[in-house]
């Protein structure tokens, strides 16, 4: 296992694989399939101050190699997450990254302040990029100054490092990344979903009750890789990469682009065992490619490197 | 326990126009608890289509470790599924959800099973299990048109069976509700399109009534919140049930359809 | 055929299906497969003032349900296009939409002025959104004021209506659309490709020699639909939609979203007969869905409608 | 003429480690003009993988309307291709490109055919056609390792055949170039990895030399400009050739490799 361990602000990861927020609930369902302690970390579902029901259904639609979702941040609310979900998760030896969402700045601050005190929460993920909530959300994720100020204010109250989750729905992702870095972010997570849509052939109306939704899955992988490639060269804080990952090969590709760890979202729906499978396959793939440790892959696309290990052999 | 298993296809055949009957060999049959549960099928290794397809279990043969599904060829996923032949393998996740409660009735009582279109299949195993308990069973099955009718004989083996078609090309013209109103029963179990479920719930909400719901799904196991519906007691609030893991079968009045 | 005809500024289309720019060369190769007169129109490859070789190879990479390209606007130059490609195309009964590209404003103006005089060029498509050229290109497509001024200046010199091709790599596509509409655009074409990337597992380096490339194909369809849905409600000029179209069903979905015609790009590589096949299948699909004419489908997702024809039956 | 055809698979078998020989029945054999032409295969109906895969024609049987390809299972597309069995259909576009000119040699002259890895297959049909013309043929075939070697016997039937492996596990250890330098020939035909082609072109640019190039492709027919290479006379200019439609075989010195 020592070929996969990674240290990031607030996080000592056994391996760099974690389920992405919103694609793993609070872990209970997947604990039927395997021991959650196997995971590098868990990014739990977005938490808001008050419980939310979210959007009307249908909330998902399928696309070629992707899916749209418009869950709308359904969650049981801060109190319940702290009193019940997080304590349940504490039975596992796995750091939790709490995804923090809201409509106005004060919401984020309130959630961040409380949830960062939970003993198994090792980092926050500021969700400034959810495309499925009408107010707030997306605005925070598209205006650099707004994102920066939010980051700064959340940093003031958080007891753990703060990662900011970037939206891909922007003209200039590097500008956004630099803004939140300047705001004090300890790391970045990217990408959230691309805004997309499907129409029903019979009715002519949008398939999603919310009209539009967030596109995830293999379809968005090239966009995620490009953005991580650009951002990781422009900032000094680490990037947790996500967007369409479904195999050990994908993980290496994200590391090459510049990610320091990765999250797996949609692929959990296709294969509930995807995270442990990737964790098991990574060392074999590293062997094949001639790396001793996965960290050697990081940023390889833009860093100058000496010979690869397997060239030395 | 939910399993993910590569299951061998024992047989697949088209039993009505675009309606396929698919039998697989699977260890997961041992985990099946009740009629009305479903499985989540990955129809192809490729990521196009990406998501699994939810299909109900229509009958179970634990002795031979087999179970059968009946589905309609609709879109991309079920069209690919329909191309699979005997001996091929299918990636199946299941059994999922909670099925119809068969213990709601005592021997000698009458169950009315009402199915619409591809809501019919799960009622077949239900019928088998009710009969095994000594319950009398009446079936009312609604289809669009004659060519879509399936399993009439199979249902007749277990009890009175009424068929309706929307266009009147077979059985009685009209909707299942036209038939139900003339029947006596102690408990009604139903599965089918939402408008049908709504009509039945409106009429028989005071009776013992169980409905199986359909909703677009992501994970199928309760993790993604794609398939939620509101609790009836709290229509404007945040209470919810998940169709995949709390349902797909609900007692009338439990959730807002 | 009268169920498919569409009139747009400068264009009387037999049907609303045309190959997208860059995916059909100047038509010669596809004329081996079918009579090009069958097409609604042809969007020819981007033309620049001088001949261009484009980017080094590899220029394409595959992604799930998509592909990346970094051709880099290779083309034989304005003179050759006017003296040889366009005259060759004039043997077919099909209007040509000339895709106009450049690095600076003057380039666009020069190409537009000359090429719009060609007798079979019925409209221009201003390519302000090519992600694969270092200077110009993308900048025109991401800054509303710049796009607006370019549109205005090209309109001054063009002898035919001008469509502006929008880039999806922006925070606010509606703002871009409104800007070029105010600049005098007669129509919009959208979307161009999303910027993406793939890395080579063995070397760790980008697969494309150009590092990044433009993502096209079914993967981007939901993004295209969403943007057309938003834009078509916000402007009064027509939208020619594109992005992942490969079937008659897709065409209807784009019409529902708000497109008035569509272009087919990447799918030509998968099936050289895709355009005529779609044209043949559309009337059958219209029957099935209960429409007399394809124009009834336009904007159905956001327009209020009476009963569908098949509901009346 | 280029055709797009659904071709029936006559046979497919693994002839070396990850190397498959695939024979299909296709009317498009009648359009095949020269050895070294290739086809563009859609391995699946799904859009993942999206693009066709270019594979060379390795031998042609016009009498039976069949042709054969040999390919290596590498990534997503060829892995899917390797799963196809006899009787299944394959969507093939071809024949594409221009092949090796067999008329460059007169009866009695000697052709040297040099292949590397999956560059070997198109040389097989070339050998057949040269022999038929009365040309003497020598083969030099390079592979990574013993388990990757294929078609040694088949080539031996037509002429002297030298095998090299990079790791020395079979034939002579080393590269094809080590062997070539000891051989006499009137014309050299070669297909294989770019470094091999470069080495050969450097050494033998003064000889009659034809090289088959590889490049990532989109359309395969000359429309997308994915596969261009620069003309040798104009290395910094805008002249180009398309590997798919002007190639894949070029005369040495025609294009920059």
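The letters A, B, C and D name the chains in turn, as written, and every chain counts its residues from 1.
Simple rule for what comes next: a residue touches a chain if its C-beta (ideal position, glycine included) is under 8 Å from a C-beta of that chain, and two chains touch if they have at least 3 such contacts.
Since we're looking at a predicted model, the values are computed, not measured.
Chains making contact with chain A as well as with chain B: C, D. Annotation: 54 Å between the Cα-based centres of chain B and chain D. Spacing of chain A relative to chain C, judged by their CA centroids, is 34 angstrom.
Rounded to whole angstrom units, the spacing between the C-alpha centres of chain A and chain D is 45. Shared contact sites, meaning residues of chain C that touch two or more other chains, fall at 63-66, 217-218. In chain D, the residues that touch at least two other chains are 47-49.
Arrangement of the chains shown, judged by which pairs touch: all-to-all, with no pair of chains left without contact. In the complex of the two chains, the chain C residues touching chain A come out as 63-66, 68, 142, 169-172, 194-199, 201-202, 204-206, 211-212, 215, 217-223, 225-226, 229, 244, 249, 252-253, 256-257, 289, 297, 300-301, 305, 308.
Against chain B, in their complex, chain D makes its touches with residues 44, 46-49, 80.
By the touch criterion given at the top, residues 64-65, 218 of chain C touch chain B in their complex. Interface residues of chain B facing chain A in the complex, by the touch rule stated above, are 1-2, 4, 42, 47-52, 76, 93, 215-230, 237-238, 240, 245.
Residues 47-48 of chain D are the ones touching chain A in the complex.
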